[in-house]
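Okay, got some structures for you below.
Here come two complexes built around chain A, the first alongside chain B, the second alongside chain C.
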Partner chain A sequence: MQQAEQQRNNRYHEALIDFLYQMADDELTIGHRGSEWLGVAPDLEEDIAFSSISQDEVGHATFYFELLSELGEGDPDQLAFARTANQRKNARLLERPNHDWAYTIARGYFYDVFDHLRLQELLQSNYIPLQKGVQKILREERYHLLHMETWFERLAKAQGEAKERLEKAITAIWTDLPDLFSLGQSGEILREEGIFPISESTLYDKWAQQVKALFDHSGLTWPAKQNETLENGRLGVHSSDLQDLLNVMTEVYRSDLTATW
Partner chain B sequence: MERQIQNQHYEVYEVFVQRDALSHHVHVGSVVAPSAELALQVARENFLRREKAVNIWVVKQENVHATSYEDQDFFANQVLSKSYREVSGYAENARKWKAFKQVAITVDDLVNDIKEH
Partner chain C sequence: MQRVISALAEVKDPEMPMVSLAELGMIYDVDHQQGHVTVKLLPTFVGCPALQLMRTQVESRLVGIEGVASVDVQFVMDESWTTDRITEEGRKKILEFGIAPPSAEFAPHKAPSCSYCGSTNTEVVSMFGPSACRAIYYCKTCNQPFEGMKFV
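Let's turn to the complex of A and B:
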C-alpha cells in the first residue's frame, strides 16, 4: 500500500519536473533569441519594446527554474547555463536562428499563441505553486501575444516584400512545428495526474483554430499539417542551432564557474 | 532611400501617460511607429517598463495644433500691470481689514448712527 503510493508520488514528481523543464527551456531559448535583436531591430522603439518582451520571457524561465530548484533539481543558474544541449527540452523551433524580422515575428506569434493556450490550461493545474505563478505570467503574456499578432497581421497585409518574407518564414517554420505541441515522455501522465489537463492533439487543434483565423483574415494560405518527426526537442533531440545558441549564451557563465554574478 | 521607406510607413506619435485615476494625462515624449496600435504597444514598453500607470494616450503628432514661437505677442499678457489677477495683488488686504476693525467706536459714532437711521 505504502509502496504503491510512493510509486504514484514518484510518477507525479517525474512528470511535473519533465514538464517544468519544457516550459523553462522554451522561455529561456526564445528569450535569448529575442535578445539578439538588441541594437538591430527595425526601429529604435521596437528595439526597446522587443528587448523588454524578451527580458520578460527570461524572467518567466527564471520562475520555472526556481520551481525546479524547489523540487530538488539544484541551483537555477546551473539549470539555465550548465546543462548540455541534449538535456534541454525546448521545442526545436525556438532554437532556430532569427533569420529576418518576418521569421522572428511569425515564430514569435506561433509560439505565443501556443504558450498562451498552455498557460490558460495551467490555470486548472493541481500543482498550486505553478498555477499561482501562471496567473501572474498570463498578465504579461497577453501583451506579448498582442504585439506579435499586430506585427504578423501588419506584415501579411503589407503585400510586396514583407508578405513574401512572411510566407517564406511560415514555410520554414511549418516543418519545425510538430514537437512544439509534444509533451515529451509525460503527456499522458500529466493529464492523468491533473498537472496539465489537455492532450497534445487538443492543444494543437485549439492553436490551429486561432492561428488559422488570422491567416484567413490576412489573406494567407494555410499550409498542410506537418507530419510528426522523430526529432523531438522535448526528448532532448536538438539541431546544431541549439549548441550554437548555448555557446553564445553561456560564454560569460563558463568564463568563471565560481563567480557570483 | 531607407529614410524614404521609413517615412512611408512610420509616423510620430506623442505619448501621454496617466499615472493614476485622479491624475491628468501628462506628456512624456514621442515614439515613431507604423500604426496607432503599435504606438500604444511600444509606448508601454518604452515609457512604462518600471513606472506604474493606468492609461496611455497616443496622438499623431500631425494632429497636434500649436502656437508659434515667433508670435510672442500671443503670450504678452504681462505688458500692463495685472496685479489684480494675482494673489500678490491683494497682499495688503489682511492688514487693511485688521486696521479697519480696530478703529474704536465712540459714543458719538453710535448716536450719529441712530440719527441716520
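Let's turn to the complex of A and C:
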C-alpha cells in the first residue's frame, strides 16, 4: 500500500517537473529571441514593447525555474543557463531565429494564443503554487497577446509586401508547429494526476479555432494541419538554432561561473 | 511594531520614487518576533527587475531600528498584486508626478485623462512604456506624450 502511494507520488512529481521545464524553457527561449529586437525594431515603440514583453517572459521563466528549484531541481540560474540543448524542453518553433518582422509577429501571435490557453487551463491545476502564480501571469500576458494580435491583423490587411511576408512566415512556421502542442512524455499523466486538465488534441483544437477566426477575418488562407514529426523539442530534440541561441545567451554566465548576479 | 511600520512607510518604489511600497499596496504582511522582522511583499509584475533593489532597501531601512536585529524580505506569488491595491494617497502622488493613475478595468484601447492638463482628448500610443507597469499616451490638447500606469 505504502509502495503504491510512493509510486503515485513519484509519477506526479516527475510529470510536474517535466511540464514546468516545458513552460520555463518556452518562456526563456521566446524571451531571449524577443530581446534581440532591442535597438533594431521597426520603430521606437516596438523597441520598447519588445523589451518590455521579453522582460515579462524572462520573469515568468524565473518564476517557473524557482518552482523547479523548490521541487529539488537545483539553483534557478543554473537551470536557466547551464543546461545543455538536449536537456531543454521548449517547442522548436521558439528557438528559431527572428527572421523578419512578419515572422516574429506571426510566431509571437501563435505562441501567445497557445500560452494563454495553457495558462487558462492551469487555473484548474491541482498544483496550487503553479495555479496561483498563473493567475498573476495571466494578468500580464493578455497585453502581449493583444499586441501580437493587433500587429498580425495589421500586416495581414496591409496587402502588398507586408501580406506576402506574413504568408511566407506562416508557411515556414507551420512545419514547426506540431511540438508546440505536445506535452512531451507526460501528457497523459498530467491529465490523470490533475496537473494539466486537457489533452494535446483539445489544446490544438482550441488554438486552431481561435487563430482560424483571425485568419478568416483578415483574408488569410488556413493551411492544412501539419503531421507530427519525431523531432519533438518537448523530448529534448532540437535544431542547431537552439545551440546558437544558447551560445549567445549563456556567454556572460560562462565567462565566470562563480559570479553572483 | 509601530516603529517598523512607520519606517517601512518611508521605503519608496525604485522606479517611481514619489510613492512608497505601502502606498502601492505591495506590503502583504509584516511580522515582528523577538527582534526578527519578516516582510512579505507582492511584486507588481512577476519579472520586475527592481525586486532585489526593493529587498535591499527594505532591509537597510529596518535593520538598526530599536528592537530589530534581523530582517527577512520575501516575495509572495500566491496572491496577485493588482492596481486596485494602490491607495488613494498613492494614486494622488502618482498623478502629481505626471503619471496617470491606472483605470479600474482592463481597457487597453482607452486612454486616461492627460496627467498634465486633465484633457480627455487623449489617445493610446503604446501599452508598453519605460517600465513593465506603465503605458504611453498622447494628449491632443497640450500636444504632449504622457505616461500612465496600466491596469493589471
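As a working rule, the second predicted complex is superposed on the first by the 261 of 261 C-alpha atoms of A that agree within 3 Å, B and C clash if a C-alpha of one lies under 4 Å from a C-alpha of the other, contacts with A are read in each partner's own complex, and residues count from 1 in each chain.
Note that in this section contacts are C-beta pairs under 8 Å (C-beta built on N, C-alpha and C of every residue); 3 or more make two chains touch, one makes a residue touch a chain.
Just so it is clear, the structure is predicted and the values come from calculations on it, not from any experiment.
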item	value
Clash or fit (per the criteria above) of chain B with chain C on chain A	clash
Partner chain in contact with A:Val58 - chain B first, chain C second, else both or neither	second
Greater residue coverage of chain A in the superposed arrangement, chain B or chain C	C
Contacts of A:Asp176 with chain B and chain C, given as first, second, both or neither	neither
Touched partner set for A:His147, first chain B, second chain C, both or neither	both
Touching partner for A:Lys136 - first (chain B), second (chain C), both, neither	second
Chain B/chain C common contact set on chain A	45, 48-49, 52-53, 143, 146-147
Chain C residues touching chain A - in the complex, by the definition given at the top	45-49, 77-82, 106, 108, 125-132, 136, 150, 152
Residues of chain B defined as touching chain A within the complex	6, 10, 31-35, 37-38, 41-42, 44-46, 49
Residues on chain A engaged by chain B in the complex (per definition of touch)	43-46, 48-49, 52-53, 143, 146-147, 150-151, 154
Of chain A, residues touching chain C in the complex	45, 48-49, 51-53, 55-60, 62-63, 128-129, 132-133, 135-137, 139-140, 142-143, 146-147
